[in-house]
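Below, each structure is written out as structure tokens.
Here come two complexes built around chain A, the first alongside chain B, the second alongside chain C.
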Partner chain A sequence: MTVSPDTQRARAWTWAITAAGLVVWAALPWFLSRGTIDILVFAGLYTIAGLGVSFLLGQCGIVSLAQSGFYGIGAYAAAYGTTALGLPIPVGIIAGMVVSGAIAAAVGIPVLRLSGHFLALATLALAIIAHVLFLELEWLTGGTLGIGGIPRIALFGFTFSTPFRFYYLVWPCAFALILFYTLLLNSRTGIALRAMRDAPAAAAVAGIPITSLKVRIFVLSAAVGSLAGSLFAHYVSFISVDSFAIDRAISFLLIAVLGGVRSIPGTIAGALFVTAAPNYLSRLGDIHPILFAVALIVAVIFLPGGFGGFVSSTWRRLTAGPRPSATGGP
Partner chain B sequence: MGSILEVRDVSHRFGGLQVLKGVSFDVAPGSITGLIGPNGAGKSTLFNIISGFLTPSVGDIVFLGQTTTDRGIAARSRAGLQRTFQTPQVFRDLTVRENLVAGCHMRGRTGVLEAFFGLPNVRREMADARRRADEIIERFDLGPWREIPAGELPAGRQRMVELARAVMCEPKLLCLDEPSSGLSTTEVQTLMETLERLNADGMTVLLVSHDMKLMEVTSMVHALCFGEIIASGSLHAMRESPRVREAYLGT
Partner chain C sequence: MLATHQLRAGYGSVAVLFDVDIAVGAGESIAIIGANGAGKSTLVRAICGLIPSMAGTIEKEGRPIQSLPPHARAEHGVAVVLEGRHLFGELSLESNLRIAETQGSKRRNARFDFSFEDVLDLFPFMRGRLGAPVGVFSGGEQQMVAIGRALLLKPDLLILDEPSTGLAPKVVREIVAVIQTLRQKGMSLLLIEQHIGVASECSDRAYVMSLGKIVKELDSTDWHDQSLLAEITQAYLG
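So, the complex of A and B:
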């Protein structure tokens, strides 16, 4: 297949910018304070959890507020698995992903037949139920007292014990997931997802199993949310129920919307905003929640496609040559 | 083999309104069968029943010898029944080629996880689907618009994209709902040539339309009026039939 010079140029630029971005990413912690690196670590964790929400919303049209529940399941699986059961760290992480996936499948099959507001409410209910269970199942979660002494992740004798070190663990995970979600989007499955978003009736006629595909993507999203929760538990080494409340579910949804639900890498921008903005605004005193709210409203009004949508439309303008007319031709 | 499709004594009512009254007809393999009738005759309802968007109050749809009345839309599609819509339903944000790739989704074997990790079989399958899409794109003269989002095309060309997408999976029966509406005279001519070519390649077509010009490609026509088949035969016989003339042509 031939590739047009425009496409080649766009590809070259994409590679150059990606490479430059990676250099900046790798060098950044050497110049920043511990506190700032800590914020960037959280941005990485939230990018992972937000990716699941963003893909679900952007490609399947499913508003999920349930992600805080799966994030919590991942965290408790890691915490309980390593501290109470003495399991190896990877086993705890995988157990969390399996449990989250199974719950997502069991709940998704009835719930994903709903649409619009009802679906959003159903996922909100799921997050609330999860939060109550985290509080009530004290033998498992430690209730309000939480679970401490969660071991740090170590690879080849290198322990990811500080924000500086964990930065180099969480972000490669986030980058890998961005790559995987991009592969999924460009696969036949991704095309089928976008098809059913555009014209559900025609998608059904094309033989696309709509509900079953939605459930699969929901399960994937839950497993990814659980992974983020497990990494969080191993990073902070102490978790309590406060970390898995409804405001966390809303943060994950905000990340998706701010990042741009149609853009996968945009999730990074959304996560950076949601983690960094409240932190810096809080220096301005008690008015900071209002400023954060104003910043959100401004972002949503001026960037309806999110940060990702803004970047990609600008990018298209800069790289694309004149397009062939839609109406012309033979 | 007998008929590709048998409509057996199908009746349907919406609340108190009886839209179809015991409709029965067959679609013979290799034919282009037409279904004509004035507005409100029940054509669209019947079409939705055949394609699985509606379940009839009474009666059965038999597709390839199997009763499919209660089967879903996607299941019928996998069995080889494809339909188009009166208002073309393209996947607006997808390019023409992606529309066609989505059209033969059911042929894929790879799942979500394999696609997530970008395994080689997923790429192979995608390459195969693209190749097949490109063949169909050439056959339908859609080459110049291959990479353009289908939603940006004018209605006539969207209709061709929809038709090309329906052909992707080599359906056993292609059902077209008013395929000529909104098309110019030359576009209708192209559509007729395309349908004749597809039929020559062995595809069976069911055509619902009130466009008598388009009906010239059919080998058998059933006339539907107020929910009943009032006449069946060649287009010529339909034009001669006093009942059809009275009900449909208004003369």
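So, the complex of A and C:
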């Protein structure tokens, strides 16, 4: 493979910025209040859940409103597994991912044959059914009372018990998933996905099993949503059905769209916006939901590709544009 | 190799093809001609599975394939170059070809074992441009990419839907040369073509379609009889 100097320079800058970002990320909690770190932890949790929604929408064109259901399954699997069954924490997390994946596969095979609005409505129905079940299956979920006393995650004797500590657990998980999804996009499967997006008919006759590929990405998305839910349960140690309603599914979809569905790291920006903006806007009084809505509309109008799309188009202009000096400067 | 019996297909609940019977023998090259809207491309889409069959059968070497999804038909050795080429425009030439190569490698003991290198030999312009996105290629080059991609599926039946449309005469000659090479190798071909001269040159016999039906079968003698072809052109393609 030959690599053009432009590409080489772009890569060097990408690495430099990534490294700088990691340093800032690692140092950040030392300078922030507990409340702010708590918001950042939620941003990390939502990044994980949002990644699944974003990749599914960006690469398969599937709008999923079911993510709150899988997030809930992950949370209840972690809670029930550790408190009622006394299972080790990883077993609960994995059980949640397996159950979520199995449900996604079972539902996905008939549902993913639908397209467009019907598909979105079907996933919405799935989220509503999940929410009702979380409420009704009291022996499992505790109903409206919820489940408390969920143990904290501990590794090598270190307990992730505070926002400060959990920050260093949730974000590495999010970064690992970003890396995983990036590698997936550049793998043979990812190329098949992009082919399917470019020319669906040609992809089908070129031997790509369209439906099964979509189902697999849906299953992955569900498992990732479940992982986020499990981490959430172990972080807050008390969960109730309110955390898994439809508004949560809409938040996850917003994160995907705001972050830019074609941009994997953009999901972080989407998650930061959705977790931080309501919090800061609420200081302005009762008008805050309206301001949040206005901010959303402005973001969608001016950044149709989401934050990620905006950054990558600006990035391309700077690194490969007709004026390469734009990146240098004195 | 391929036979349809009383095939009926269309879009939604509206049938476009009615009781279509065609047969392509092993190593044969068959043309389907007809005016715009005769149902030629619908027939192609029904054979490769992009639209469902409403009635009748499609058999590949005696095995019914009409209820299989498109990718499974490709695994049975049916490859198609769709009208308008349908390339993966954002992807590089190499990725376009490798996708098909990956799928083609699932076909064990294929009669026509086209490798990546074979395709580059067949279309030498591809060497040196493997990294370029195919969206920037010329129409003729894109047609060749589409043919190369189909060949990497290692088919024993290749369907070409309007391969010469919109191409300069010189490029059409190049495509014709490739088709003749494939015929010499003994690959079965189903050729949909508006250009009757090209169709006659590249095939053994032909079916004439009109309004979703096969209205005429032309054997080898008739199909290569220039005066008769002029009449057919007048009657069905004018």
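One rule holds in what follows: the second predicted complex is superposed on the first by the 320 of 330 C-alpha atoms of A that agree within 3 Å, B and C clash if a C-alpha of one lies under 4 Å from a C-alpha of the other, contacts with A are read in each partner's own complex, and residues count from 1 in each chain.
As a convention for this text, contacts are C-beta pairs under 8 Å (C-beta built on N, C-alpha and C of every residue); 3 or more make two chains touch, one makes a residue touch a chain.
Nothing here was measured: the structure is a model prediction, and the numbers come from that model.
J.: Judging by the criteria at the top, classify the pair chain B and chain C on chain A as clash or fit.
T.: clash
J.: Regarding the shared-chain residue A:Leu220, is it in contact with chain B (first), chain C (second), both, or neither?
T.: So A:Leu220 only meets chain B here.
J.: Using the superposition on chain A described above, determine whether A:Leu155 touches chain B (first), chain C (second), both, or neither.
T.: After superposing on A, A:Leu155 lies clear of both chain B and chain C.
J.: Could you look at A:Ile191 and tell me whether it touches chain B, chain C, both or neither (first, second, both, neither)?
T.: both
J.: Give the label of whichever partner, chain B or chain C, reaches more residues of chain A.
T.: Of chain B and chain C, B contacts more residues of chain A.
J.: Using the superposition on chain A described above, determine whether A:Ile301 touches chain B (first), chain C (second), both, or neither.
T.: Neither partner.
J.: Thinking of the overlay built on chain A, is A:Leu318 touched by chain B (first), by chain C (second), by both, or by neither?
T.: After superposition on chain A, A:Leu318 lies in contact with neither partner.
J.: After lining up the shared chain so the two structures overlap, which partner does A:Tyr181 touch, if you call chain B first and chain C second: first, second, both or neither?
T.: In the superposed model, A:Tyr181 contacts chain B only, not chain C.
J.: Can you list the residues of chain A that touch chain B in one structure and chain C in the other?
T.: 188, 191-192, 194-195, 198-199, 201-210.
J.: Chain B touches which residues of chain A in the complex?
T.: By the definition above, chain A touches chain B via 179-181, 183-184, 187-192, 194-195, 197-199, 201-210, 213, 216-217, 220, 323-324, 326-330.
J.: So in the complex, which bits of chain B are touching chain A?
T.: Counting only chain B, the residues touching chain A are 51, 53, 72-74, 77-78, 82-83, 85, 89-94, 98-99, 101-106, 108, 110-113, 115-118, 122, 125-126, 129, 141, 144-145, 148, 151-154, 162, 165-166, 169.
J.: Under the touch definition given earlier, write down the residues of chain C that touch chain A in their complex.
T.: 48-50, 69-75, 79-80, 82, 85-91, 95-96, 98-100, 102-104, 106, 131, 146, 149-150, 153
J.: Which residues of chain A touch chain C in the complex?
T.: Its residues touching chain C are 1-2, 188, 191-192, 194-195, 198-199, 201-211.
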